[in-house]
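There are two complexes below, and they share chain A, which is joined by chain B in the first and by chain C in the second.
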Partner chain A sequence: MSGTKTVALTIDGRAVTAPEGANILRAAEQAGIDIPHFCYHPAFAAEGNCRMCLVEIEGLPKLELACSTPVREGLVVRTATPRVEQARRDVLEFLLADHPLDCPVCDKAGECQLQDHYDRYGRFPGRFVEAKQKKDKLVRIGRGLVLDRERCILCARCVRFLRNVTGTGELGVFERGARAEIGIFEDVPVDNAYAGNLVDICPVGAITAEDFRFQTRAWFLARKPSVCPLCSRGCAIVVESVTGYPLPEAKRRVYRVTAGQNPAVNGYWICDLGRAGRHDIDEGRPAGLLRKGVAVDGEPWQKALAEVTAAIKAVPGSDRPARIAVVLNARLTCEELARAKALFVTGLGLDRISFADRTPGTADGLLVTAERVPNSRGAFAAGFDPRLPTIEELTGATVLLVFGSGLAAHFSEEALGRALAAVPSKFLFAAHAGPLDRLFDLAFPLAVPAEKSGTYINVGGVRQSFERALSPPAGAVPEGEILTCLAHGLGLNLGDFDVC
Partner chain B sequence: MINAWKVLREIARGAAITSRHFFVNMTFHTLRLFGVKTKRRGAVTIQYPEVRKELSPRHRSLHRLRPREDGRPSCVACMLCVTVCPSECITVEAAEDPDPEVQKAPTRFIVDLSRCCFCGFCVEACPVDAIRMDTGEIRLAATERSALERPLDKP
Partner chain C sequence: MSQDTVRLIPSDEGSWRLDAYLRRGGYEAARKAVTSMAPAGIIAEVRKAGLRGRGGAGFPAGLKWSFVPQGVSGPKYLCVNADEGEPGTFKDRAILVRDPHRLLEGMVIAAFAVGIHTAIVYVRGEYERIAGRLREAMAEAEGAGFLGPDIFGSGFGLEVVIHFGAGAYICGEETALLESVEGRRGTPRLKPPFPAVAGLFRAPTVINNVETLANVPSIIGRGADWFTAQGLPKDCGTRLFSVSGAVRRPGLYELPTGIPLRTLIEDHAGGPPEGVSVKAVIPGGLSAPVLRADELEAHLDFESMALVCSMAGSAGVIVIGDRTPMLEVLGVMSRFYAHESCGQCTPCRIGTSWIHRTVTRIAAGQGRRGDLDLILSLADGIKGRTLCPMGDAAALPIQALVTKFRDELEQAVER
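And now, the complex of A and B:
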């Protein structure tokens, strides 16, 4: 924020500078002072309907809303006076007067702002003796979302999200006063590719997702940031998984993928495709090493990799460019691509290197791009020319190394079967089980992007490094490790330690 | 060399203690037989398992799920017992309940008795008083591990 003017103000006796036009709530947040709020969201203009962010401003007779009051030079703000604290308690008491005691069965419990604020700023005994209002508790509003009107505190974040971000405006506030409720218009359900964000922005458990509903509790989840690998936008995501107790019998490690924050890429949102990325992490993973599509028990991948090295070594050096073909993919991280370049191009002198990825989809103008791979910019940056292999190129090889199952999206199974029948040594490295498995001599299980660390370059050229969000299932390894071990087996030093 | 004299002395001391218990108990049992009321009573052996001692009202034994009026468990699958359990022995899987007032009900509720330490934290934590440890069932041994995984939601 270099060009903008800043103003100096005092919050709780602390000197704070904030850009002109910012509100007090943001200025305080940046100075590390928490002002509780429900309806304010940094992505939207302040609406000021929850009244939770009241603060005292010197010289003004009444308490003011921190979310809608812009900062001014010399403003003296107090956020922790008895008057402010009493106001917060009063707001909470009104909200809780009509809030059901659902916490034991509410999915939001544990990450609910109403719970957190009551715990921190409320702690009063309930005085409300009248019967609480009965409202609909299970309203399906579309896109796998469930609305509970009793829990709703009418902050209207969902309404504003659908109006301002997606522009679809499926939700509105109906009726008035105590009968006011969120609802869809007539019978038109919420139907846009960003509806999953409503669950994230709802400060209470009013909107929940059927996919996550009742599956586990929020406090069992380990939240680790990662980068979404499902399109070239590379949105920041949070992978929420349960890896220890209480792991149910059903093999669901990742309970949900939620939006991370990255102002340079996705802001606060991710699309529903990215949320469905949890299936990509947990489902269709091979149980272990496959030999001609049949699982081999107990064979370590390092031992099997020696066969790959032997097959490559069997080809004389001068024949290698013509007889060894490699198919990579743009799900590999920049580090892995650089390693592949050093191994296959510099080290072995190969030129039959092609890329096979999933077929492009359509861009939606908001976040989703047409390219459904995360790192095609990275492939260019590493010096590769990402082009699809031809069938002849595959057939003509003596040794074929295929990374990823992208080939299945471009060629029919029969065509591939016929082409690969002529190849003496063929090896597949894939994170997901698929029709390709039985066509190859050996299929090595790989880690998915959430299970490795690395760097992706997104469609806008933003380099994003990410750490491993969860550990891969037993036997699955990242491509980088495979490449390093291959290089060591072939006696080529890539500058890594020998991990094999 | 082992001091044989010391060994013999210890054996004699042990025999003396055992016989003291025998004679003291016999004295009190004999006095009672003749109707003499004494403050102390002779020791009594309960012939377990033919004879059972009554359990204390605040004992902790095998868990049960309290049923609702219609017979289904009153558990709402909030998983607070799972959270609080120090020996990590409770498995709960939840699903949508057809009754919107109930909302959430367990489809599986399993206590692994091979891990349970009978601390009763689950009973304390339950917000709807669904789990109790008052069945009086304390003979929980089994010949297979799988028999120790008790599903509580099935009657």
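And now, the complex of A and C:
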């Protein structure tokens, strides 16, 4: 970056440059040198609680904290000397002394910093022969979070998150010495829309989510990045799904959605709505094609799509703008919107193209925006003017193509039923089963955003491309594939269109 | 002691009252400082006097004052550390009881020198009644114009607030003290930034011990040369030695720095009672590594004590007689640090507790071979690795005790 001064230092004999003001831990990390730590988190000021990141600095008698010592020109740092290694072992031995070692039933096992650091930097025989301290193992602290005080290593990341990020400060450290423990104040529970992040930042299994506890093991999960589709912030998320092993019919496909990192969008956090997005991926999905709301067994969507092309073809070219209506939505990716534009506007010459999306909510001043769709900027960028259809517009159509279930949020089922009764050919493409299904001739199951690749443009104009995080259920396809097949069926060549 | 030496603890009738203090020449130094001296001149005089912090660390007070950035707008604070939590130390309470005006005068001078208008006296909770004397003295001083918005008519003002601690040893550590005053849980802060730059409410802050400030009026009143004529060249003046344990006359002794430990114990405190001999001495509060009976020739000043790998610390001298089992001393010591560790950083939180549990097991007759080495090794894991000096304060005395009295302790382990 221009304008940022850099300093040159030596870490483990390697010449490293780092931006002025960076700490040794980050400088080492960027040079690929791992300095183990528990309490340090890049989102917070260093607190120096865990003492795991102690390193040797030439000219200084004591070991120094890598997390709080800023880089300086000419600094010579050593992170792998016997003295440093001994200090790490000592910290691990202290942390493990009273630790319950209940890894076999701990949900953090497999992604636990204490396990990982012991595995890499510990591996000493235990010397602790005293009785381990007993502490509360099941403290419900609110928002579906469970605190296990025996596993807690008092890094206080959770306390700092609630003080610095949400500003709600529900957790504190109580008592002193080895009796010190995390807790809520009196009986006021953790209650904010970002509480789920506490599970992500807890380096051990002290704070776990009831939604995830005892459901699966961390090592069975495939972690794939995606972009959260639940508001126009477009936070980076990680979709964690079971890839097959060990249960062919696992209880869930997606076990959790966790925060991804994107400094330009969400930093390190996501809201609990985004986390609850796992339900959207797995629940309420239609089993297959529906005809008047009734499942059609074994009929491939490609074959059924021929009915859609036939209905469109039946409308003479010059009548199409008046008689074919299309309802899109802002969950479509930029690429899909461009394809829709090429098919419906350029190819078929339609002008009755509207959008139906979830109703807006309220912005919370942190990450959640009022707009509860991921890509309305993308719709504008594709040349659409997203507006809700009128009932008359729907009623007057001969052929109606509706993408998504957004209409249900704006019109009553009864009004839609009356409007659609007059439409001879009507087709729905939706990822979730809903009350609209039975009003349409055919309802095609779609992929959800996590099952798609593409690009969203967020509220701040940030373009984010993402890859498919998991495969759609059998028979469900992304809108883009539907659009391509429709074009093919209509004999239209969408050509090499530019995305958005 | 002659008239011409420092007397921090007066013995005249009603010595704590303003009129008695004025009879002893009280507030003349503050008047001189505030009305006729430049702040920089005061700091220079205190630096020249070589007054070292009496709380335990021995940091030169004038130097500390000079670290406060000058010419910066916004508030600055003076925090007086009257938390006096170091076991074996009971000197600050004597000043608060017998001579609270001397502390207030020292505060006025320090505040004027650094440009401070608000001072907080952080008094340990157990001294609540004692602090009544300070409160009375504050009212008297304000009534006489020695404290308050316009001191000696100079336009310089100083407001003093008393803040009580809630009983945590750690709040005697200066940054934990600041956290406590700010209304939070008393846990130390990472340094830097140092309090002189970002202290109370992140404003520049001077933190001085009660005894340190009580020395300031004489230094300003009589000059640095007069002060340095007492005690040692690099560690001047007198110290209040709190002597407890196996001596005939336990109590508080004000003596020049650098006197031999043996002189203090035998000549002043009367030596051990009949039939008891001195086995060990903790020379500077519980955190000072113990000395054996054959080390009593050592002198009581910061440098001499460092030479015998101990500390002058808070000058709390605990004399241990030959009838006291060292395992019991180790038990008291390890319980104290395990109980008082704030719990913020790993080595101190768990190390002190582990050591204490090991010592308790040995005391219960379930010692195992290797326990003493385990204790030494656990203390090694604390030493130099903690967030604040309390880690060393716990590890060093425990290691010294185990090392110096290993044979006796080994027998207890084997039993």
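Throughout what follows, the second predicted complex is superposed on the first by the 490 of 500 C-alpha atoms of A that agree within 3 Å, B and C clash if a C-alpha of one lies under 4 Å from a C-alpha of the other, contacts with A are read in each partner's own complex, and residues count from 1 in each chain.
Here, a contact is a pair of C-beta atoms (placed from the backbone, for glycine too) under 8 Å apart; a residue touches a chain by one contact, two chains touch by 3 or more.
For clarity, every value in this text was computed on a predicted model and none was experimentally measured.
Enquirer: Aligned on chain A, chain B and chain C: do they clash or fit?
Expert: fit
Enquirer: Looking at the overlay, what does A:Gln261 touch: chain B (first), chain C (second), both, or neither?
Expert: neither
Enquirer: May I ask you to decide whether A:Thr168 touches chain B, chain C, both, or neither, giving the answer as first, second, both or neither?
Expert: Neither: A:Thr168 stays clear of chain B and chain C.
Enquirer: Using the touch definition from the top, say if A:Pro104 reaches chain B (first), chain C (second), both or neither.
Expert: After superposing on A, A:Pro104 lies in contact with chain B but is clear of chain C.
Enquirer: In the combined three-chain superposition, what is the angle centred on chain A between chain B and chain C, taking C-alpha centres, to the nearest 10 degrees?
Expert: 100
Enquirer: In the overlay, answer first, second, both or neither for which of chain B and chain C A:Thr6 touches.
Expert: neither
Enquirer: Please indicate which partner A:Leu138 is in contact with in the superposed arrangement: first for chain B, second for chain C, both, or neither.
Expert: first
Enquirer: Of chain B and chain C, which one touches more of chain A's residues?
Expert: Higher number of touched chain A residues: C.
Enquirer: Mind working out whether A:Arg213 is in touch with chain B, chain C, both or neither, as first, second, both or neither?
Expert: A:Arg213 contacts chain B only, not chain C.
Enquirer: So after superposition, what is the minimum Cα distance from chain B to chain C, given in Å?
Expert: Across the overlay, chain B reaches chain C at a minimum of 23 Å between C-alpha atoms.
Enquirer: Need the overlap of the two footprints on chain A, from chain B and from chain C, as residue ranges.
Expert: Touching chain B and chain C on chain A: no residues.
Enquirer: Going by the contact rule set out above, which residues of chain A touch chain C in the complex?
Expert: 46-52, 54, 62-63, 65, 68, 87, 90-91, 93-95, 97-98, 127-130, 153-154, 172-173, 175-180
Enquirer: Given the complex with chain A, which residues does chain C contribute to the contact?
Expert: Spelled out, the residues of chain C in touch with chain A are 168, 170, 185, 187, 190, 338-347, 349-354, 357-358, 361, 368, 374, 380-381, 384-387.
Enquirer: Using the touch definition from the top, list the residues of chain B that touch chain A in their complex.
Expert: 76-80, 82-83, 88, 90-96, 100-101, 103-104, 127-128
Enquirer: Once bound in the complex, which stretches of chain A touch chain B?
Expert: 102-105, 136-138, 213-217, 219-220, 245-246, 248-250
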